[in-house]
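Next up: the structures, one after another.
Here subunit A shows up in two complexes: once beside subunit B, once beside subunit C.
On to the complex of A and B.
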């Protein structure tokens, strides 16, 4: 992974902006996110800060890999009207991402916020570490790695994100959740705010980076004054809301949804961390419904990814990740109703599509229906086909 | 992305002991594959050549990122080998030297620089070169093979 550290303070960032600038915040979702200075959460924090200071933020653009220039061009084409209107782009990317975005938007004011030091590792103990520094840093290669703290001290940079310089203070209101008062951000997404207040609501199709479609129905809650159950992922917070997140009816419904998923996808679906957690939480031990188990062909033609339709619950996260984060639109839904499936390209093998291997689909899939390819094999003697390829060597060793 | 080049086969075997070494080949499936030095193809190519030449190859594995300890943990590599060849950039090699301290981890690649890619045109371009590779700045290569290209196919306006 590429190691980058924030190089601008919030005040320096503001000095680069005019008060009438129309801003797009552009973030990469890969290496720089693991360095703690990018991603949807960080973009939202920066948006809050800028809005509090009277700036206009038009859009937050999350890109799966900003070092792929073709993806940057596709993002520009997809939201051309917004980018035409904007006057400044704030980048939460490495310097490679900066070069791509500056190439795609040559006439725009593009503000880089990070310094790139070279390549490194993600360590379990130390977090991101720099092992192979670029010559501009003057540092020597170090297999044990330089931690971000060491780099921050040595190069006089900033250890955390902009919200460490000045804490955002968005307008808060109080709502009632399960009989208790809870302080939440005004006009925010209900599911996001419940999660922020450590009220865990099950959800499979929603992710704050991808937006909501209300497909899985796991996050249904009751809101006083609203008819029936409403999906919290599609609900905007209003003043005085009274929300019930858990009661007998809601629990029964969530259990039924989980049981139907297990009936359709088989026990293998329990390898998914999310599903396993909610099964334990709702004490589901047996398969109530007897549906024929899916028997679709696993597509492992892609060099990097494996797509197993038998585990797919049609949450649409991969479809949205491919369209919104990558811009490639390789994965899509086909057919309708109970025949709906996800397909790649024009229902062709994954390898035949123009997949950019950005891994956004695999990263956001909640059931491991799309996973990165991982191969591990033991070699014992000579495999059969080497007999054909290398007969001489084989003859000598046997 | 990080661009690294693999050493010639003759250089690799100089670092190996035919009698003593039980070899595992681990291949990175991200940057190294993109640059033509990793992935399943390169793994098979090197593995077969070593086996043909009488080396004792015991394990072969493709991992998503060789530079990430959480990914290594997830891969649950149970290696019979005492020597590991890592087909990745130097960051991947560093990760393996730390995590397999009891084994000889052989570095067979050299970092060239950080690159911009265009997966539609299947090209990558060096935009931030490493030390001793400054002449690579602006050079373009074919994705998956690392074959050098002539002429500028990706225009990047602000080279470092």
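On to the complex of A and C.
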């Protein structure tokens, strides 16, 4: 992966902005995220900071890989009107990403926030490390790698994200969750805020970067005054909410839903982390339901990805990741009812599609139905910055 | 000339009439009209001449057209079905108003079906069409909504939500772009009232749509028609063109300054498109998946704008209420649910058709007085109401009034108003299996509970009807339906288990028969019936041996052949082929007669 470090302080960033600027925050969702200075959460933090200081933020644009100019172009085309209206784009990308975005928006004010040092990898102990520095940095190649702290000290940069310079202070309200008062951000997503408060709600289809569709039905909670159970991923926080996240009825329901999902996919699905975690949490040892197995063909034609439909729970994360983050729309649903499947392209082999190999689908898949092939085997002949693998530790679980 | 009459041969009859008229040299006007709901008399013709009574002839075939016309001109009405108005003295043929099937109806919205030419706007205007629209355009939208509030019209699409509340929510939205959608995506087995209205009186739907658009402040409307109903779509399209020409649609309607135009949208043909949010997705060109509500479409719908979706039957009611006044409408029906509702009665009755009766009419009246009860030799066992989301009501509860709340208490729903009548040759377990196979295939597949739950229930029911059911299966069905009712994303999933729950509630003995005794009394579930040879009737002709497609029957001439039950595929060919009715279909997996015979031998 590419190693980048933040090169701009929050005050310097503000100096680059006019007060009447209409801002789009643009972030990568890959290497630079693992370097701790990008991603949906960081964008939200920056948005909060800017809004507090009276700036207008039009949109947060999350892109799987800004260094692919095609993807940058597609994102521009998908939200043409917003980009036309905007006057400044703040980039949470590496310098290669900056070059691509600047090429796509030649007349816009594009503000880069990171300095790129070269390629490296992710170490469980040290975090991101730089092993092959770019010649311009003047650093010698180092097999053991330079840690981010070393780079920050040597080049006088900033170790963390903007929120380290100034704590964002969004408007908070208090709601009642399981009988206890909890402080949450006003108008935010209920599931996000519960997670932020360390209240874990099982969910398989939701991710804050992808948005909510309410398909997996695992995150159902009770809210006083609302009829029946509501999916917390589709609920906006309101003043005075009284939420029950776990009681006998909800537990029973979640157990049944989880068993249903396992029954549809077969036992193989139990190998995936998310499913295993929630099985243990809800003490599921045997399955109440059983269904005939799917037994579909594994598609390993793609150069970097393997798609195993037998492990797919149809949560639609890959579909949304491909559409929203890469802008390619290579993966989609086909058929309906119990015959629903995810397909690539027009139901063709993965290899013959428009896949940009950004790996967003694999990153968000909760059951490893789409996985990257081991990095060593293929992609020789690819530009070096696409040689990114997702460190296992970083694969998101919830 | 609606799909139903055309299917019964109306096209050929029309050709024959044209031909006959030419041959006889008569000067006549031939008007193709829509269906009046009496499907059992299709195709029918009505003859009218000045000084003569209007006479309706039923089940007309091309070859008797000439005879009918000659008889009519000779004032011989003996072969007629009924007189439209008053009958001449001394005639044996009844008038329509004397017929059970007609006099028990209140044809509030379907009154002009089968009278006017659906492709002629002049016909519609001549019977008072677009008068309601004129009234509405002259006053404020609030007054229209107020009139609807007084009428207390509830949505006829199924859920029965008060229409005026829905409109009011949408009207209050600050947005200046709003949309109006007419839902003509009816798709449940056994329901065809939307198609009938769209094919026989399309302008009434349009008028209701324009009135609704005016009331909520929309300038663009859609009619969402099922692609499987091409004639309905064609008629609506023609109606829209004519209305545009006459100034009822388009810019500055009737000089009022109000602009509204519509588009006829053909659905992709999935049952789930009838769900409001899925329909919106379909119009937007996306996969027709329902969305989590709230936000409701009235607040955030088509392209993010406030949108109202009404069933076409509701809109036809709106048009009629505005023209006739709310008082007449509110005088019909029950305390809580006013007006009339169209029901489509199909299945085991003598007179199938679409009938409009006041809400609150007992099921009995509809099935026995209007639809004529069961065919000879059969008894009605139950009726399935409201399609795959509804439930069945057993014969001993036929006193039940058909209104939204009473039906809900019995486990069924009003739904679209489809009624599938089941008699003693229908197996209730198999019926539940059929409806589940429908929802399994026709749901969207988006939410895990809906997708997997329907499949689980379908698989379980398949097991039971195959004779592989266990006592635990009933528990499994109840558990799954419990989860679905609580956790599904949309109403389709939440109500999908209704056919199972109601059959379990009223016909548990049939489930027990299938699971414990392994037999299907109704002789429907193939694995649970057996073909039995009656040696007393058998003459040993061996026709059955030759007819069997899998060579399961063997025997010698002169003696009774035996059926190898392991080979038998229960196709019934032998029973049909036997000239002496010696092969009998009996419930259960073994042939008791032959067992007894064998026992006798060994003793």
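FYI, the second predicted complex is superposed on the first by the 373 of 398 C-alpha atoms of A that agree within 3 Å, B and C clash if a C-alpha of one lies under 4 Å from a C-alpha of the other, contacts with A are read in each partner's own complex, and residues count from 1 in each chain.
Simple rule for what comes next: a contact is a pair of C-beta atoms (placed from the backbone, for glycine too) under 8 Å apart; a residue touches a chain by one contact, two chains touch by 3 or more.
Everything quoted here is computed from the prediction, not taken from an experiment.
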The chain contacting more residues of subunit A, comparing subunit B with subunit C, is B
- Of the two partner chains, subunit B (first) and subunit C (second), which one does A:173 touch, if any: first, second, both, or neither? neither
Check your understanding: Between subunit B (first) and subunit C (second), which does A:150 come into contact with in this model arrangement: first, second, both, or neither?
Key -> neither
Open item on the list: According to the stated criteria, A:67 is in contact with first (subunit B), second (subunit C), both, or neither; which is it?
Closed with: first
Requested in this report: Tell me which partner A:261 touches in the superposition: subunit B (first), subunit C (second), both or neither.
Outcome: second
Quick one: is A:357 in contact with subunit B, with subunit C, with both, or with neither? Answer first, second, both or neither. first
### Task
Identify the partner contact of A:78: answer first if only subunit B is touched, second if only subunit C is, both if each is, neither if none is.
neither
So, A:196: does it touch subunit B (first), subunit C (second), both, or neither? neither
| query | After lining up the shared chain so the two structures overlap, which partner does A:100 touch, if you call subunit B first and subunit C second: first, second, both or neither? | reply | first
| said: Let me test your reading of the model: by the given contact rule, A:216 touches which partner, first (subunit B), second (subunit C), both or neither? | reply: second
The subunit A residues in contact with subunit B across the complex are 1-2, 67-71, 95-96, 98-100, 102-103, 106, 116, 118-124, 131-132, 134-136, 141, 143-145, 303-304, 354, 356-357, 359, 372-379, 382, 386, 389-390, 393, 397
Counting only contacts in the complex, subunit A reaches subunit C at residues 204, 212-218, 220, 228-229, 231, 234, 253, 256-257, 260-261, 263-264, 288-289, 291-292, 313-316, 332-333, 335-340
Contacts from subunit C onto subunit A in the complex sit at residues 270, 272, 287, 291-292, 439-449, 451-456, 458-459, 476, 479-480, 483, 486-489
The subunit B residues in contact with subunit A across the complex are 1-2, 29-30, 33-34, 39-40, 47-48, 51-54, 57-65, 67-70, 73-77, 80, 89-91, 93-95, 97-98, 111, 114-121, 127-131, 134, 154-160
